[in-house]
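Take a look at the structure set out below.
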Amino acid sequence: MLYFSCDYAEGCHPKVLEALSNTNMVSTPGYGEDEFCKAAKDKIRKYINCPQADIYFLVGGTQTNQVVIDSMLSNYDGVIAAETGHVAAHEAGAIEYSGHKVLTLPHHEGKIHADELSDYLNTFYADENHEHMVNPGMVYISYPTEYGTLYTKTELETISEICGKYSIPLFIDGARLAYGLAAAKDMTMADIAKYSDVFYIGGTKVGALFGEAVVFTKGNTPKHMITQIKQHGALLAKGRLLGVQFDALFTNDLYMEMGRNAVELANAIRADLHAKNYQLFMENPTNQIFVVMENKKLETLKNEVSYGFWEKYDDDHTVIRIATSWATTEAAVNELKKVLLHTN
Amino acid sequence: MLYFSCDYAEGCHPKVLEALSNTNMVSTPGYGEDEFCKAAKDKIRKYINCPQADIYFLVGGTQTNQVVIDSMLSNYDGVIAAETGHVAAHEAGAIEYSGHKVLTLPHHEGKIHADELSDYLNTFYADENHEHMVNPGMVYISYPTEYGTLYTKTELETISEICGKYSIPLFIDGARLAYGLAAAKDMTMADIAKYSDVFYIGGTKVGALFGEAVVFTKGNTPKHMITQIKQHGALLAKGRLLGVQFDALFTNDLYMEMGRNAVELANAIRADLHAKNYQLFMENPTNQIFVVMENKKLETLKNEVSYGFWEKYDDDHTVIRIATSWATTEAAVNELKKVLLHTN
Amino acid sequence: MLYFSCDYAEGCHPKVLEALSNTNMVSTPGYGEDEFCKAAKDKIRKYINCPQADIYFLVGGTQTNQVVIDSMLSNYDGVIAAETGHVAAHEAGAIEYSGHKVLTLPHHEGKIHADELSDYLNTFYADENHEHMVNPGMVYISYPTEYGTLYTKTELETISEICGKYSIPLFIDGARLAYGLAAAKDMTMADIAKYSDVFYIGGTKVGALFGEAVVFTKGNTPKHMITQIKQHGALLAKGRLLGVQFDALFTNDLYMEMGRNAVELANAIRADLHAKNYQLFMENPTNQIFVVMENKKLETLKNEVSYGFWEKYDDDHTVIRIATSWATTEAAVNELKKVLLHTN
Amino acid sequence: MLYFSCDYAEGCHPKVLEALSNTNMVSTPGYGEDEFCKAAKDKIRKYINCPQADIYFLVGGTQTNQVVIDSMLSNYDGVIAAETGHVAAHEAGAIEYSGHKVLTLPHHEGKIHADELSDYLNTFYADENHEHMVNPGMVYISYPTEYGTLYTKTELETISEICGKYSIPLFIDGARLAYGLAAAKDMTMADIAKYSDVFYIGGTKVGALFGEAVVFTKGNTPKHMITQIKQHGALLAKGRLLGVQFDALFTNDLYMEMGRNAVELANAIRADLHAKNYQLFMENPTNQIFVVMENKKLETLKNEVSYGFWEKYDDDHTVIRIATSWATTEAAVNELKKVLLHTN
């Protein structure tokens, strides 16, 4: 069976495992107050060129979105997101559970449009009844988006400016940040830090066993952040596990190296799909590929390839996701190409 | 100044005030455990032809929606509503505050379409990732809708059947129920009770000082309902005030008589608007009229008539709401007609 | 049947009813943006000698406690209260429902002791693990307390100073404020305003149909307060009903006059109980009297007097509450005295 | 520096690390739907002699308590716990954050007394106002308790019977279950399963990198449990990491072997402390030792031993915690004994 269903099907990159093994019997204080966390944070601060960055390590993506959004918003605030945004669609109501509405904008290949954001905010404040409505308290986007697409630097800058104009923080979900940056032509992690008020660097999908690094970039950390993390059940006792892993990810450019591996192999698969006239549901430059497949062909494919169900396309077709990752090998991609030869 | 801005601009119908005055110095137990509440509930049960109905009196609409939805849903549930539904748009996030997502469907003049509801539910259960999504745990509609439109009996029956098929309760918000039923050709309050699992009879907008009567129609009252109401800060100490008012509303057909007054006068205004070539934003048969007005004409109008801001139409036009109510008089309507003569 | 079970058994003071009747058909904007509310607020500001006071009218006590506490606290905050405080014991978890822990201190006849409050705060901040604990974010007391007792001016001043030292707001629940102030030797409502950061003036139990006036005394109103009230389901559509009532309460000293009536008659009953050797559960100077009664005597008493169940005393005795109010008459007290003659 | 501050200062037992390493590059489905989780659950079911057990793996203790309590309780329910219980005191309000009050009972060396529990429940239901109070919906205890003490089998059986009588589930927090069972004379994990309705087997503090296994023992799993876990931000993407670890913990009796190591070494330290006349704050048989120390002696001790701050004893003394664990060695204990010689 070839595994292309997701980018979190294996454990962690061997160098991360090595770091965990090497430090396993070291005794440290709990809850992230250890030297490994400190070192990892220093490396990240340097890498993103943001000396004032305040960094917290959490375990998973939904947890991170919930904690960041709830700790930054007041009771009366909601968060603006694309209708396809992860927080809007695929987190089982974790944001609403914490009391906040997700205010949705239309998506354009997974992205929100700056002008629609601007219109939304203008209309809201022009509405004489807006005190009876949920206050827009944050803008959430992801890089890459749910469909693997990327904001250009200009798009990001414009959204950031709109947020600034309305004094609303911009939160960038970077669950797959390495895959986005590896595919982008003109974007660095320092840019992400510059344009956002808070963002996170995804580890779970990029070579860590688990872990996301939340970065408050503008001296804007919510008060009593440790208490808030604990209150959400999100404070890891052995916090040092996150420090050790992120230290490894940010040593010798490992994080971006893994990003490049996934994107190069995804590009190879995309080229092959095009050559074989497969129908792509949406074009994107990152590690996820969305293919429209006949249902009867899936009956065959599923015996050889583990892929992800994405959504129903029509009665006879389904959109599937093929994802590469840090763990994907050229050999596996070549095997996949062979399978793709006879399933279309 | 002529008041047509809303249907809650005055106190209460004189007969309701008389009932409150007559009973004012009677001593009763608190929290709705009094004889007035008992009598009012009996009258309602009889009126809606639903002997098993379990009835609770609450103070206002948003409170009622919040308490009903939160008490009937489990943690993992959300409520399906039209994107224009009151719970989706104009309750300041009261539903999300209680932990539940409002799952929106497109609106068609304020109504949801049965086939789109059916599609939504089919697609949800067909999605292999649906355990990562908010469970659709209730359908919320209002009668009349936010735009004053009405579901036909067939439409209501079909939605009710879909809910039954998926074992999801149907909740009908009747904040303006009298105005809906007075305008409907073939719908009674007994029908509303029959097709819904829970609904409420609005008093605040129909002649009471305040008050909404929640009716659980199918022996389906949530457990410890009094505790849940109290927990939401919604248990009125002098609950008897609600009983006294609803008793008056359901004596000598007062509730529907007030409904008819508002609808007849709204129809008179509508006829006049049509005759004078005003542009209606949306046609509907109930007590609210939505008119598209030039902004510069509003500058004049607002000195003579208190109307409701509804929404921006374009840069030069605004949608305003003209609402009649139980308190509207023919004299006031005639005055309004005169004003409308020179403002268009 | 003589009614002494509570202070909310009747409707409202005739002067309040008269005000409601006189204004009944006046058309006003909704949600408290009317002239009646404005006038009532002006009167209160003057009465409490606090020109900067920001005032909001809500419907009931639990609702008010929930809205005030939740709007003033951050996620990580809890509220300190006596273990017998209303928010701790008798509000069905309304505070926890809004996400906040009630941090309890021992009670001394219903009151907290300043030194125990001080110890609590000192110990909290000295605990190296306090970031893993709920942050004390407010102190809640009531005047009078749950047992009808009163803080002296010195006690109140000391508690206020401790709150100031720790930058924690002091919230005074005045559900029965008139009964407390009428019984106090040296306390005015202006003192309550001075020592508190926020307090409320109870109307429900003192002659209004319903209504509590929340007063933010230090320019410290939470942001978007109207949105927060709406979000809790606590924004009354016909807000003017609250303005009309509080205007009446603060006209010609009616509020305090009603307070004095209740306290004088309670004192008369207390004197009679002492004279007849009844056992009082707790001495207090306000409108509630707690009497320890043999259960078998209650069997007789309950046929003639409606009293409140307070708590079990032992297997053979029960603590009952006898409450006077604005509505209690001297005639009723004389009748009660007769009954008390033969039930002990 | 000798580390005795807690039982989560190191990574994981070498055999757990070996299992993680061996399976690292295996591709599996996410979210716990893998073969490793399945195998681990089978082993646990067999070990606890409970074939119907339904098992979920979560990451940490506070998270587990929050998810279990919130998913089993209804809105109107609170959870009964000792005032010193972890959920009451040291979880930053995580239970209240999810809307539920922690109803506290006095503690007796960390334990609740069955008769006080029974009294609490009797009194609650006898209170005529109990619908205005938080409903007792669950009993939470921990084994061992916050002070390392243990319930006897009789005590546990009695509490279980009381819960059964009131149809309230009994939840046993087993964050340190191995250390409790290793110290108990007559208790097995099968007994824990038998007497509880839900319990968890702690991994974080007993040799896993992280992880707690929640066991629903009576066919009483809350509906849509995966959705509820996700909604709390508690669903681990690489769920297999938990399966792999628990499989290792339940292979060749590793879990209990680690428990015995910690208890034996704790006993050795306790014997030494007694011999050297140290004052123990509380006697208990498990892996945590609470010692009352002069503050000035701590100034010396802290340079050689990392211990845990527990609480202030008086102005001159502090209670410290010395904890052994699966990772503690006899050599370290001997070093500690030397240090203890000169610090008293």
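Quick notes on this structure:
Going in written order, the chains are labelled A, B, C and D, and every chain counts its residues from 1.
We take it that a residue touches a chain if its C-beta (ideal position, glycine included) is under 8 Å from a C-beta of that chain, and two chains touch if they have at least 3 such contacts.
Only a predicted model underlies this, so the values are computations on that prediction, with no experimental measurement involved.
Minimum number of contact steps separating chain B from chain C: 1.
In terms of C-beta pairs in contact, C-D outnumbers the other of A-C and C-D.
Between chain C and chain D the centroid-to-centroid distance comes to 41 Å (mean Cα coordinates, whole Å). Averaged C-alpha coordinates put the centre of chain A at 50 Å from the centre of chain C. For chain C, residues touching at least two other chains, in rising order: 75-76, 91-93, 97, 99, 131-134, 227-228, 230-231, 235. Here chain D touches chain C in the complex through residues 75-76, 78, 89-93, 96-97, 99-102, 123, 126-129, 131-134, 309, 311-312, going by the rule given at the top. Across the interface of their complex, chain A is touched by residues 70-71, 74-76, 99, 131-135, 223-224, 226-228, 230-231, 235 of chain C.
Residue ranges on chain D touching chain A, taken from their complex, read 1, 3, 5-6, 8-12, 14, 17, 20-21, 23-30, 59-67, 91-94, 97, 204-205, 209-210, 227-228, 230-238, 241, 306, 327.
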